[in-house]
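This is the structure I want to talk about, given as structure tokens.
Chain naming follows the written order as A, B, C and D, and within any one chain the residues start at number 1.
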Amino acid sequence: MNPTEPTPLHLEVLYLARLRDTLGRSRETLTLDGPATVADLLALLRARGAPWDSELGGDRVFRVAVDQYMADPATVLVDGAEVALFPPVTGG
Amino acid sequence: MNPTEPTPLHLEVLYLARLRDTLGRSRETLTLDGPATVADLLALLRARGAPWDSELGGDRVFRVAVDQYMADPATVLVDGAEVALFPPVTGG
Amino acid sequence: MARCHVSVQHADFDFATELGWLGDGSGAVASFIGRVRDDTRDGVPLTAMTLEHYPGMTERVLEELAQAVAARFALDGVLVLHRVGRLLPGEQIVLVVATAPHRHAALQAVDCLMDHLKSVAPFWKCEEYGAARHWVDARDSDQAALARWGAL
Amino acid sequence: MARCHVSVQHADFDFATELGWLGDGSGAVASFIGRVRDDTRDGVPLTAMTLEHYPGMTERVLEELAQAVAARFALDGVLVLHRVGRLLPGEQIVLVVATAPHRHAALQAVDCLMDHLKSVAPFWKCEEYGAARHWVDARDSDQAALARWGAL
């Protein structure tokens, strides 16, 4: 396979707790051109405009988990990944 | 009352835990010439010889309570006082 | 090897029953129970608190935490039990128990476990004051508490 | 004003029942239970442990400790329960519970209370290994632990 050619990534994106309420959905399936990172996914979501751009940008603090492990903007996404977006945790 | 004249002090002396076993008694009533301190009482007990002199002297560690408050050699004894002798505590 | 037991559940828990998981051979048993506080907000008493979590990730994170803390403090056993769903004031939310040969290890383990749980386990609290609902914000003090322990 | 409850007793205790003394209004409940360990000495297993105390002084010391620790850590409640008499391996010896609005105060209070109890409350342990009896010696580490807290 040619690494410069885009390959489609099918992602299951989850929105949890406050983000589910403000973004109005609990999950969706997205397809990105790969290779892509968490930062690429976030850019795509912010491009939807309000409330996406304010909830996932600016000074709002949120967390990302990829396949149930904490991730950061540089984390590489693989086809079939489960990406969860949620606020800082408040259990205990 | 003339402070230089001895006044009798009646003391209830208790021996607890290991000291009760090694000294062979749990309590006794003693009369001392007052005024007297804890140090005076201990000197009187040590003068009985073994095992008193070794258990209450040398490098054996023990504690004294007077009327159920922790005391030290300088604590002044009053008539009717309850004096307890015991090893360092090991509860909890 | 320490016994570790982790559970995320709707049902309430009983301390004595849960302690049974850890046996009675250890001299020291330290524990922490977190409960829904009798809070008020602008004069309105708290009606309920809903605990949401991320199924799958929660259990894994708690299991890893329990194992790491057990190793660090040489515990005999660890128990971590966290409830989810809607809870009323006074209800129990979380139970953490550590058993060890000595008391300081057991107490420190509970302290360390709670600090980590509060910062890394994917649970969220949503409070209800009458008709008003609001998500509880994370506190900076939780991050500061975590920093006390270094890497697990 | 914190609720304080102190007891020196022969009977065993039940955690949930004792917790009832402190009500359910506090968010944080920290506790410590000390139990008779499954020890061995020269290959002989521990048969029993007898807890002796100085009646009257014990209750006063525990009451003063509970009050002092409650004030220092701004607790909602404190429970101190210590058994006396002959206990078998695995049996509960002591229960300390602190309730507070927040977890660090509750956990620190339990730690502080146990350190003081171990050094100032007039209890003594006598172990039985088969036919051999021996009084447990106080440990220097208990004095060192106490020094962490300064004056109560």
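Quick note on the criterion: a contact is a pair of C-beta atoms (placed from the backbone, for glycine too) under 8 Å apart; a residue touches a chain by one contact, two chains touch by 3 or more.
What you see is a predicted model; the values in this text were computed from it and never measured.
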Least hop count linking subunit A to subunit D through chains in contact: 2
Message: Counting hops between chains that touch, how far apart are subunit A and subunit C?
response: 1
Field: Centroid comparison with subunit D (C-alpha atoms), farthest chain
entry: A
- request: Averaged over CA atoms, how far is the centre of subunit B from the centre of subunit D? Could you give it in whole Å?
  value: 28
- prompt: If you average the CA atoms of subunit A and of subunit B, how many Å lie between those two points?
  reply: 76
Statement: CA centroids of subunit C and subunit D: separation to the nearest Å works out as 23
- prompt: Centre to centre, by mean C-alpha position, how many angstrom separate subunit B and subunit C?
  reply: 50
- request: Return the residues of subunit A touching two or more other chains; collapse runs of consecutive numbers into ranges.
  value: 92
Message: Quick check on subunit D: which residues sit in contact with 2+ other chains?
response: 34, 103, 114
Field: Pairs of chains in contact (touch as defined earlier), listed by label
entry: A-C, B-D, C-D
- request: Could you please specify the touching residues of subunit B with respect to subunit D in the complex?
  value: 14, 16-18, 21, 61, 65, 68-70, 84, 86-92
Query: Across the complex, what residues on subunit C touch subunit D?
result: 14-16, 19, 24-38, 89-90, 101, 103-104, 106-107, 110-111, 114, 145
Message: Considering only the defined contacts, which subunit C positions touch subunit A in the complex?
response: 34, 51-54, 56-57, 60, 82, 93-94, 114, 117-126, 135-138
